[in-house]
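Please find the structures below.
There are two complexes below, and they share chain A, which is joined by chain B in the first and by chain C in the second.
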Partner chain A sequence: MNSFIRNAKKNHLLFVLCTLGPVLLLFIFIRIIPIIRTAYYSFTNYSLVIPKPALVGLENYKTMLQEPNFWEAFKNTAIITLACVFVTLTVALVFSVLLRRIERHSPIYEMLYFIPVVTPWVPATVIWRWLYDVKFGLINQVLEQLKLPNQAWLQNPEQVIYAIILVSIWKTLGYYMIIFSVGLKNIPDIYYEASYIDGASYVKQFRFITIPLLKPIVLFAMIMASIQFFQTFTVSYVISSEAQGSPSYECKVMVWEIYRNGFNFYKMGYASAEAMVLLVFILIFILIQFRVVRYEVE
Partner chain B sequence: MNKKGLLGICLLLLASLLFAGGQKEGGAIAGKINVWGCFTELQKPLEKAVEIFTKENPAAKVEVLVFDLRDFEAKVAATAPVGQAADVIIMDHSLTRRYAKAGILEPAPAEIEQLVKTPGRYLTIAPSKCSYQGKVVGLPFFGGGPALFYNKDYFAEAGLKDPPKTVDDVYKYAVKLRKMDASGKLTRAGLSIRLTGPTGGTEKWGYIQNQYLGKSVVVDGKKDGTYYPVLDNEESARALQWHIKLLHGPDKSDDWALKHDAEGFAAGEVAMFNREAWVIPLVKEKGPNINFDVGYMQRDKYWRIYDWLVSACVPASGKKKGAAWKFAEVMQRKEVMEILYLDSGWIPSRRDLSFDNILAKEPRFKTFIVVPPGAEIYFDSTASSYTELWTKVGEIIQAGYRDAGLLNNMAGCREVMKKANDTATQILKSNNEYGE
Partner chain C sequence: MKSSNSVYPQAAVGHRPVARRKRKIKIHKVLIHQLLSAGLIFILVPFFWILFTSLKNGEEILRATPTIWPEKLTMDNYNAVVTMQQFPLFILNSFVISTLSMASVLLTSILGGYAFAKFNFPLKNFFFILILATAIVPFEVYMVSVYVTVGKLGFFDSYFGIVFPILIMSFGVFFIRQFSLAIPNELLDAARIDGGSEFWILLRVVVPLCTTPLMALGIFAFAEAWAFFIWPLIIVNTKGMYTIELGLMQFHKRFYMDHGPISAGAIVSVLPMLIVFLLLRRRFIQGVTLSGMKL
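On to the complex of A and B.
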């Protein structure tokens, strides 16, 4: 045993294999193999009720490109991601900067903003579903008080996407606020004090001190938020779920489209092709973000 | 006593204990079975079935899980093909066929087959809907098609007495029953139309289309297991136009910004709508002040009433298939059926039992079980691509509803129906199920 440890210490590679090997194996088993299998299935006509799938080449990909539902889901997902990433991160950054100015009370506000983050997605969305209700919803009640017409927030295809965006922002804002707050706390006060003496305004401090020093955190937040919102599913699914026979308009998003084709229509091969496209798209999007923001960080 | 003797007695005792533990009491069933139901309202009737089953089989344990329909479908889809589903799955006839075709369902044993084929025990069409290639794969549990729910107070207010009998009458009644505020905004739907949720949208649009065309959305082809759509025709376009006129223009009687369906009816925002019997207990609970009655599905050239069938099925991969079929049999008992009827509102499949006590308590159920002379019962297609087809056709129809440009535009409606027909054809072809 002792000689094994001595050898391991001498042989760096062996040491790394022994310590990281099990984790790597687990990662391969639960992440890499499913991705490889999904890639394989995307070239087959695999259906949940057809035991032996046959290879169909690029057929699933060809069908997907001609399928309006795929493009609708892709467009909706892109809109939700761009809107949510931009608004959530901007508002979270502004709020965390403002909170820094009231440092004594900031934990209370941070806690309040963090409550939606710890609320599970399903109950949080159900609450919003009621807020959006055409008759009893708080939002329409307020509109009624203002003598404005009721809105079919969840039945109107043009409005439902904004309803989803609002829920998503509300739900995730607190998380990114905390991330930015931690980043802000790591910026030494001395920079702000020096700039204050030099007569810099709050805006200039924000622009020339806060933003540049916070860029690594912004990069991290952008990547995490992009991945999160590209995979949005629960809000769309729960908001349009049926209640006594009156469901909402189904705002298609990519993951729902994958789920629907796989588990409702049983077209696992086709759903796998959609999953592969989503994976590649997220990877490309993240790489672009890395390139753009990391270059500036360096 | 020496050590060997003592050891011998101990072994004998242990063996007798083991033997006693493994013995089924009076041939009864032991162990646990799982049951999955496709609607949450099945909880109470299934609990009753569990009570009877465990009383008769004290060593048995039953776990019941009920879901919303779409979640249920996804759960079964993910588990049944890999042998991880429940021992008893309660599902509708289109799913039954789909899973039977894939060899996932166990053909029923002789005694169950005998029950299903007993004349007069079920609706005449039921045995064929729970069988695949001549083999029974499910035991009918419940079903029931739609009827017209109408608010009697609103009828009285509009000077209307009896429920509308024809498709044209429903239209006229809807216009009379709608309510608007001073600004002209609709505050009550004359007729609640299924405007969202595409799968149900196709089905409910089909209620009207069937009366014009005399055929369902998709019909059987000549070869077994083949189907073709019948959407690209004048009658289907008329059915679409009928709905569009109730959504746009001077006769507008429904709007997206109103509550819909059973929820809207219970909230008093809907004067009429077509739905199944489960609405009765729901409205009694959620809208106790709603004074309502039920009338038959409206007719036109044809008089067709939709129906469907939900059966208890047993997966071929199940480890306790015998116990599962026994449980399915217990689900057929009158005590269970009565709770199913009264509590969930779904119509029990058994036609050989008398439910007079329930009909006396709730006479409105009668409309759902007595088929009027001249009316024909129809079922949706059993194509294995049913969900995809109904969903995608429904998306096209409901997009048509939103298009005010289709008002009084029959050519536009024909185009929409052609698109729906082409989509349906393509789905059937891609599933190797197309055939005229």
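On to the complex of A and C.
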């Protein structure tokens, strides 16, 4: 028996080596090394046009802080993230609570709200761009019917960011509705019944039962959503892509800055510095959320 | 899902309050349906608007007084997209890439997830945390570096180059690990005593027990790969290798004013995912549900 166990143990290690080994190698090669190398590039003047990169210390970071483009991109990304996380999650939470009250019909609503989630970002943006069209877009035609002035949603620098936020909310709402529905289904009904006997109103139940018990899911959703919106790129890129005739105002976002510097200007080192800053912001944002939510639990 | 976990519903809630509560809820229900339907208008109108536009001819789209329903249905826009813009080829490319990514993610996730769940080996926790930690680093952060690697390997403009960053998914390893943990050790040991090799056990015991999460993960990986945009945008230069996302983007960029064909292009590019979703809608939602539950 002893030798059987010893043999089995040896076999186990061999098995782990054969299964996990290649997977780990892939992770190291495709994720870990590129992340570390990006950190390294950020301290060099690496570029596809310069044959030999040299270490330049904090040069890239210094230039970045003086670059108005970077700050504009940072500001826009922060606004989009905050607005989208807040609005999407709030609406999704309210809707999923409402869905619980009409259990029998909730699958059909969940399915329909999920359609934009399976629509990839490019067609989603193309669809909305047509809705926003200055003259022929549905939104402006409705405004016209209401005798309100047409709005140049995509050409007005102040409005384009709201246009982007709206598309993002539309696209992600259904996903978070389902996430919250799962959390709600895991709350035992007995809590609600007990509080009902004690005479609690729906609002009170929501505040004192639903919210506290849903906290882990809310935190998960907040983190998922902030990571997702911090990488916002496709909507701005497609909405602002240069078009013949009517170029839209460009809403710069951080990933776009990385893309532009890295792949249009080939300033790989500088782009890497921007990427590291993006990563640090995401980490800080997640940390704050952990702190706030945990604090509220206590 | 169970609709009620109540232990003594009748005993706890008296007869009268139940009756009163029912009436109250009925009124609420109508309101809830109205509110959710209003939300549905916001969700669905964009699709109908683009669908109707794609069926109109150029003159009708740009008419001063708008029509909602197309006056004269025309398939010209779809013809233009399918014959002139090589959209079928782009869809094929997307399909190949998504399938490759899905297969690789499924394979690596079951291998890694099962090993992490059921075996002990040196540095296990370290490796696991390492893989998990990469999940919060968006691809956009290190794409510059991946670009350099793929360039050195000479895989620009190839399926392998496009699939390269999505061969693995850290969430997938985590997800399958969570489900593998639930497999009883006795079952695995019984199979071992019966003389099953470890690979046989993985293939014949573990994989069948993980069918549901594997299906959910497969759909998720496929959809993710299908929607992958920034990477193909960077490394694909020849039109023959365009994914459908990239094809629609370039088409949109060049022919912005041709609203009809653009709308048809958007519909054509949404359609494959929409069909997959409608066929497998319960699996899609189950996937999100499972990932939410296994936190």
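FYI, the second predicted complex is superposed on the first by the 269 of 298 C-alpha atoms of A that agree within 3 Å, B and C clash if a C-alpha of one lies under 4 Å from a C-alpha of the other, contacts with A are read in each partner's own complex, and residues count from 1 in each chain.
Here is the rule we use: a contact is a pair of C-beta atoms (placed from the backbone, for glycine too) under 8 Å apart; a residue touches a chain by one contact, two chains touch by 3 or more.
None of the values given here were measured: they were computed from a predicted structure.
Of the two partner chains, neither chain B nor chain C is touched by A:195. Residue contacts after overlaying the shared chain place A:220 against chain C, while chain B stays out of touching range. Of the two partner chains, chain B and chain C are each touched by A:263.
In the superposition on chain A, contact is made by A:98 with chain C only, not with chain B. Of the two partner chains placed by superposition, A:205 touches none, neither chain B nor chain C.
In the superposed pair of complexes, A:131 makes contact with chain C only, with no contact to chain B. Contacts of A:22 after superposition on the shared chain: chain C is touched, whereas chain B is not. Using the contact criterion defined above for the overlaid structures, shared-chain residue A:289 touches neither chain B nor chain C, since it reaches no partner. For chain A, the partner touching the most residues, choosing from chain B and chain C, is C.
Residues 133, 241-246, 259, 262-263 of chain A contact both chain B in one complex and chain C in the other. Chain A meets chain B in the complex at residues 48-51, 63, 69, 133-135, 149-152, 155-157, 240-250, 259-260, 262-267. Considering their complex, residues 8, 11-13, 15-16, 19-20, 22-24, 26-27, 30-35, 37-38, 41, 91, 95, 98-99, 101-103, 105, 107, 109-116, 118-123, 126-131, 133, 136, 138, 141, 170, 173-175, 178-179, 181-183, 185-186, 188-190, 193-194, 196-197, 216-217, 220, 223, 227, 230-231, 233-234, 238, 241-246, 255, 258-259, 262-263, 268, 271-272, 275-276, 278-279, 282-283, 286 of chain A touch chain C. Residues of chain B touching chain A in their complex: 68-70, 73-74, 77-78, 80-81, 98-99, 101-104, 185, 194-198, 200, 255-264, 266-267, 269, 275, 282, 286, 384-385, 387-388, 391-392, 395, 402, 430. By the touch rule above, chain C contacts chain A in their complex via residues 1, 3-7, 9, 12-13, 17, 21, 25, 28-29, 32-33, 35-36, 39-40, 42-47, 49-50, 53, 61-62, 66, 108, 111-112, 114-116, 119-121, 127, 130-131, 134, 136-149, 164-165, 167-168, 170, 173, 192, 198-199, 202, 223, 226-227, 229-230, 233-234, 245, 248-249, 252-254, 256-257, 259, 262-263, 265-266, 269-270, 273-274, 276-277, 281, 284-285, 288-289, 292-293, 295.
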